[in-house]
Amino acid sequence: EDVKLGVFLGFTGPLESLVANMAPGAETAITEVSESGKFMGGSTVTAVRADTTCIDSAAATAAAERLITSDKVSGIVGGDCSGVTTAALTNVALPNGMVMISPSATSPALSTVEDNGLFFRTAPSDARQGVVMSDIIMDRGFKEVALTYTNNDYGKGLADAFQAAFEAAGGKVTISTPHEDGKADYSAEVGALQSAGGEILVVAGYLDQGGKGIIQASLDTDAFDTFVLPDGMVGDALPEAIGDDLNGSFGQAPGSDSEGAGKLVEMAGDAYNATSPFSAESYDAAALIMLAMQAANSTDPAAYKEKVMDVANAPGEKILPGELGKALDILAAGGEIDYVGASNVELIGAGESAGNYREIEIKDAALSTVGYR
Amino acid sequence: MTMNRNVLYFGIMAVLLIIVGQFQSWNLSLSILNLCLISAIMALGVNIQWGYAGLFNVGIMGFAALGGLAAVLISMPPVPAAWAAGGGGVLLSALAGAATIVGCIVAYAKLPKGGIRTAIIVAIGVIGFFIMRGIFVPATDAIESVDAAKTGYLGGLGLPVILAWPVGGLLAGGVAWVIGKITLGLRSDYLAIATLGISEIIVAVMKNEDWMTRGVKNVNGLSRPVPYEIDLQQALWFQNLCETLGQDVVTFSSIFVKLCYAGLFLIVLLAIFWLSERALKSPWGRMMRAIRDNEISANAMGKNVTARHLQVFVLGSMVVGIAGAMLTTLDGQLTPASYQPLRFTFLIWVMVIVGGSGNNMGAVLGGFVVWFFWVEAEPIGIWLMDTLTSGMAEDSGLRAHLLDSAAHMRLMTMGVILLLVLRFSPRGLLPEKTGHH
Amino acid sequence: MELLNALILMANFVLVPALAYGSQLALGALGVTLIYGILRFSNFAHGDTMAFGTMAVILFTWWFQSMGINLGPLPTALLALPFGIAICAGFVLATDKLVYKFYRQQRAAPVIYVIASVGVMFVLNGIVRFIIGPDDQAFADGERFIVRARSFKEWTGLEEGLTIKVSQGITVITAVLVVAALFWFLNRTRTGKSMRAFSDNEDLALLSGINPDKVVMVTWIIAAALATIAGTLYGLDKSFKPFTYFQLLLPIFAAAIVGGLGNPLGAIAGGYVIAFSEIMVTYAYKKFVGYLAPGDWSPDSLLQLLGTNYKFSVSFVILLLVLLLRPTGLFKGKSV
Amino acid sequence: MSFLIGENMTGGYGGADILHDCTIAADQGEIAVIVGPNGAGKSTAMKAVFGMLNIHTGRVMLDGEDITALTPQARVAKGMAFVPQTSNVFPTMSVEENLEMGAFLRRDNIQETIDQVYELFPILGDKRRQNAGELSGGQRQQVAVGRALMTQPKVLMLDEPTAGVSPIVMDELFDRIIEVARTGISILMVEQNARQALDIADKGYVLVQGRNRYTDTGQALMNNPDVRKSFLGG
Amino acid sequence: MIKVDNLSKRFGGFYAVNGATLNIATGSITGLIGPNGAGKTTLFNVIAGVHAPTGGTVMLDGEDITGLSPHTLFHKGLLRTFQIAHEFSTMTVRENLMMVPGDQAGERLWDAWFKPNLVRAEELELRKKADEVIEFLEISHVADELAGNLSGGQKKLLELGRTMMVDAKIVFLDEVGAGVNRTLLNTIGDAILRLNQERGYTFCMIEHDMNFIGRLCDPVICMAEGAVLAEGTIDEIKANEHVIEAYLGTGLKNKEAKA
């Protein structure tokens, strides 16, 4: 039997370059499982790509529709952006009883969305990240920050969460201003941010989008020299592109002490960049679906949706990327696993990642991990 | 001849949808159909403006967004806590704004012309603006902090969402009236960029005024004019129905829902089509064509060109607004960030031109054809790449690259289709019939 | 001292960036305005043509870099520019032959060209992403700064710094030169005049012995050159990413329209109007006023007229105001 | 055989034929005038001679050479010039630039010719910097004729050059045309101011419904009562 | 009927009309002549509301109509034709005529939608009228042709035909004769006379054909450089030295030499 999984990400549109590393992440897991020969008594798994466009709900809905009703997938990895994910979930997945595990939709609103237990995410809600980021900044002794966010549900949600946490802890946000991604010029934003003042600049954006533009322009004009980088900004591409000037900037991204992330990077090799944001989460999302199927011994979403939390959390044997074959064996034998994966998956609440964060700092124009929270 | 063409093209369209139904799925086919219907309505709206009157409105996106806004304002339940926190303030600031405008108008009318008048008007405007903002900003801050993750806005009226369709039309029409008053003196591409700009402004407001629309946090869970699949799946009569039809309950429930939507949309489409067609074929349509052809001359022949432009601008925008409200209803959510000119303005224009501007049938056909390929271009692109690369070695770099690029082939496929249609029938698939009366 | 600080602050955050951004828009708008002026349609594929040309330049730049050829302090891309222009021109001419020529023969309405250009835009979109991918590409090298804020502060002892990037300098100079050249070309040379004649009255141009094919060809070549130059300079200053080039289309059109379509001077003026209005209206004047105000007093509020989230809207409001006063733009553009 | 001749031309704009076996010709130094009712096909015949319209039968000869297949530009290069009846100026170019465009193919100094045109139509000299689109109807017509004169052609074809010009300018124009013809240039002209035109014409054609109805010398046509009554307004 | 008082119109720094003062008597056929660029068309354009005047007033039957828009003036019975034909080129000749009458029920959306019978009856009426005009202008064979495909002269005829579709008070004709066959022009002249006598139209016409002017017009006004140069009967005008110098000229010089 051949099982199909939908890889439902924004292959075109404003996040296309992030997705270039997310989709292979998910597909790595799929190939791994498929080639192990141990999945549900020797079934193979294939990935079917579909484009969310990240922004066009109608197109995303149609694509999800196609995945479920025409390609007959048994589970969906995706979507990527919170907006289209919500649309596809409520309009298509829910009525059709399809499981969706999103690697990257982090909007706090998704925690409470009505989902009949069909929706999970391997990314934590931004409500949590806001608190973590606030702690990190406070711990480093900064009391006054300027804040800019990418103007979408992710950026806004994260910025709100952060501002609330930071102000509750006694800090001051001098200005909170959105920026649009993919725009031609960010001089206006940088001018306003600099004028408002602040010791450092928090950039809740995307590293290859407006976020990078803002940082570049800030450095060029010497508006700020230290930046706080939340998940969407953490990736090798940024220090690579900007160089030594970024040294001293810090931030956090979902992730944990696990060796999982490193493993995935090894597995990815040169084919894609597994340290790119949400690449690891994509691998995990795909893995979780297949492991849950194995545990339920069924590809019927109604059956395996119950197993997702079980395989993701303790008790059981810890599973890292590259060990999916082992996990399948254990599950087939009726054993239990605690999937750790590339992003140290721990599902809480309504099925979202608990939110382990890796604190990073830029040193010598490269990311380095300085701790975990 | 044209009759045959109509039948032929719509026949082909039907066959395409059936093929999708048979080979992909009926669910997909129906959801394409639903979007086709909505697109057709939008295309009709644009056709009324461009095809009838030659108004180059590139602000479709804004009017569609206003329709979407109406859906939220009509159907979402009100948020009492938010109203308590800042509802009064918002109303008050609206009053202040209105008072400022009235003040300016009165000053303009009553005072003698000259520098002093200008100064006073500016003063009233500036002071009024700051008073308004002084009330407005704290009120909206208060509203937005009411459970921001879930609400943080005033909510709507909690009425049945279907009411939002006409209201969306009225809202879009009202705004169009104001815009038209300001911009309709502009010609061709100047009007185009002005309307484009205004539509960007409308969307920017929807994206940033969280107290009204939740901004980029989106409004989810709009109510529906048709039953929910989950409810159907549980309803006894529906299960029986499925049994008699020999259908799977889950699949058929979503098919059923889509059919309900399709029915509603079709009714709206037919009504608007009938009205448009009737108008076009009447002396009113002849007058509009004359205006489109030569404004100076039409004006000299006693036609009030400005008034007619405004009329047709408002009507067309209303139609787009209705379609916008329908679309948001179908989506079940309002995501202001999804209003992108490419999708909501250019694509609609492509529909009108590919279909045949000036011809209502053409606009409808354009809506169908273009939406169909907009959605199906992706699988077509992938299929194309697969076929192209099937001869290559499994591990060839080029093959991987080609397959990776398949998704981008969507735009490309779309472009190629567009260019081919325009090449082989430059005036659209169903060209306007000129010289007919 | 305080006054100097205030001035440098404005220069650093308003004047220099707006000049550079304005010039970038102007260079893009020149291409749009030229096509409109001569071939009489709004070319929506221009943004993607810029991306295509820049892509060609980048590929050559990489090649030169790999061979160790460079221009010292100047970016290698400048060396690659002529090659990029040649490729882009070739491509654009092919497009004309395959797409637009047919409509010219048909004497199609301008809107048909516009929509055809949307089709070309889609196709170009795909081609560029296909060849170079959707990602950011770095290709700038050489010296980055003419003046750097930190060094500036050290030299002058002022609190505020001033940055001028090499790319900004090149952009502004190029924009001015290109406009002057284009203006001279269109109004003073035989070929330039014949192009205007063609745009005015095609039939009569034929009757004057003007070769329409040549006019069209020259127009496209210049447009391709402009697109490539604009795209490359923009890419050097910011970054190259295909999607951004598509997004550039809107402000570019706004600039061309504010200035008056078909008029090169208008394109420049329009570029600056859009850039300055975006930046000045949304700038927070808090710090500026703080420097000027006596003593240590500084305002509490940001003194920002409108949030930067409305910066795009601001430029469109300005555009509207300009059009209401001058319906065909600052410099009396054409309208078809 | 005449210097310029459109022989047995039959053709139209794609629909039904407009011209039927129509022949018009002018010899060197000769003024040939075409008259006829509105819609008779006079302008169409001119366009056919200039290659702006496909004729499926018949041919056009210039100086003994068959030029039927040449494009309009190529005919300009061969020394033909044409003033169309409508939209015959470049509206957003200045008067002077309009004239320069007339001399587009010339490589010699054109200033002298420009001065001659200004002498002929003094008003144009005054308005040399003004855009042609802003001129009055009659002034425009003068620009159009001036533009054609700039070519220094061997054959000059004028489609109603005097429509809308004042009597004094019309006289100047006809005077000039006679002068031009005297230098050996062939002139082919459509006119509704038919009597004045036939008065100076060596040869006249009356075209009706795309066919030659009468062909004779200018004087003979003027004296033909049928022609006078039906086509020259009595 | 029309009183133009000290009217002026400036383009840039140039006065195209410069203090023109004239009267058009009710029931007259007033001729307007003058050298090219004298400002005749501009004068028409200002009177008909196409351009706003720089100064001066225009009265229609004692009512100040300065600066009113063309469509308002149309409904007051003031019609005009254009020197450069402004036909609706993508509509047929018949449609060009049928669209003219104002206040058609079918031009109101509500009636167009919901009162088809009313509209149909009205259309029949209009069509009949249009066909009469077409017949009269001898363009029946092109009645269903697109107006854009007409010959230059035919367009001029259509231009005139449009004024015949309604009951006008005063009609401004800008060189209807230019490019029109002289035999047909005589017929048109007859029609103008008939409209003038039978229906009481007042005409004001710009023309360069002195025979035509002479046959129809009394009085004749000659403009030059934006102002009125002379006014009188045709014979007075023809004899006026200023007019001869500026406008009429003294005939061909080269003719004899040629013969």
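Chains here go by letter, A, B, C, D and E, matching the order in which they are written, and residues are numbered from 1 within each.
The definition used in the following text is that a residue touches a chain if its C-beta (ideal position, glycine included) is under 8 Å from a C-beta of that chain, and two chains touch if they have at least 3 such contacts.
Worth saying up front: this structure is predicted, and the values here are computed from it rather than measured.
Trainee: Could you work out how many touching-chain steps separate chain C from chain E at minimum?
Mentor: 2
Trainee: Tell me the fewest steps from chain B to chain E, where a step is a jump to a chain it touches.
Mentor: 1
Trainee: Measuring centre to centre with C-alpha atoms, which chain is farthest from chain E?
Mentor: It is A whose centre lies farthest from that of chain E.
Trainee: Could you work out how far the Cα centre of chain A sits from that of chain C, in whole Å?
Mentor: 35
Trainee: Take the average of all CA coordinates in chain A, do the same for chain D, and state the distance between these two points in whole angstrom.
Mentor: That pair's centroid distance is 76 Å.
Trainee: Between chain B and chain C, what's the gap in Å when you average each chain's C-alpha atoms?
Mentor: From the centre of chain B to the centre of chain C is 31 Å.
Trainee: For chain C, what residues touch not just one other chain but two or more?
Mentor: Within chain C, the residues that touch at least two other chains are 129, 134, 307, 309, 312.
Trainee: Which parts of chain D, given as residue numbers and ranges, touch two or more other chains?
Mentor: Correct list: empty.
Trainee: I need the residues of chain A touching at least two other chains; which ones are they?
Mentor: Residues 12, 16, 20, 151, 178 of chain A touch two or more partner chains.
Trainee: Which of the chains are touching one another, listed as pairs?
Mentor: Taking the chains two at a time, the touching pairs are A-B, A-C, B-C, B-E, C-D, D-E.
Trainee: Can you list the residues on chain E that touch chain B in the complex?
Mentor: Interface residues on chain E, with respect to chain B: 48, 50, 69-71, 74-75, 79-80, 82, 86-92, 94-96, 98-100, 102, 104-109, 112-113, 119, 122-123, 144-146, 162.
Trainee: Once bound in the complex, which stretches of chain B touch chain C?
Mentor: The touching residues are 50, 56, 182-183, 185-190, 192-194, 196-198, 200-201, 204-205, 207-208, 341-342, 346, 349-350, 353-354, 357, 405, 408-416, 418-419, 422-423, 426-427.
Trainee: Which stretch or stretches of chain D touch chain C in the complex?
Mentor: 50, 52, 71-73, 76-77, 81-82, 84, 87-93, 97, 100-102, 104-105, 147, 151
Trainee: Looking at the complex, which residues from chain C come into contact with chain D?
Mentor: Touching chain D from chain C are residues 190, 193-194, 196-197, 200-201, 203-211, 334.
Trainee: Which part of chain A faces chain B closely enough to touch in the complex?
Mentor: Touch list, chain A to chain B: 11-12, 16, 20, 49-51, 55-59, 61-63, 65-66, 68-71, 82-84, 86-87, 90-91, 94-97, 107-109, 111-114, 116, 127, 151-153, 155-157, 160, 178.
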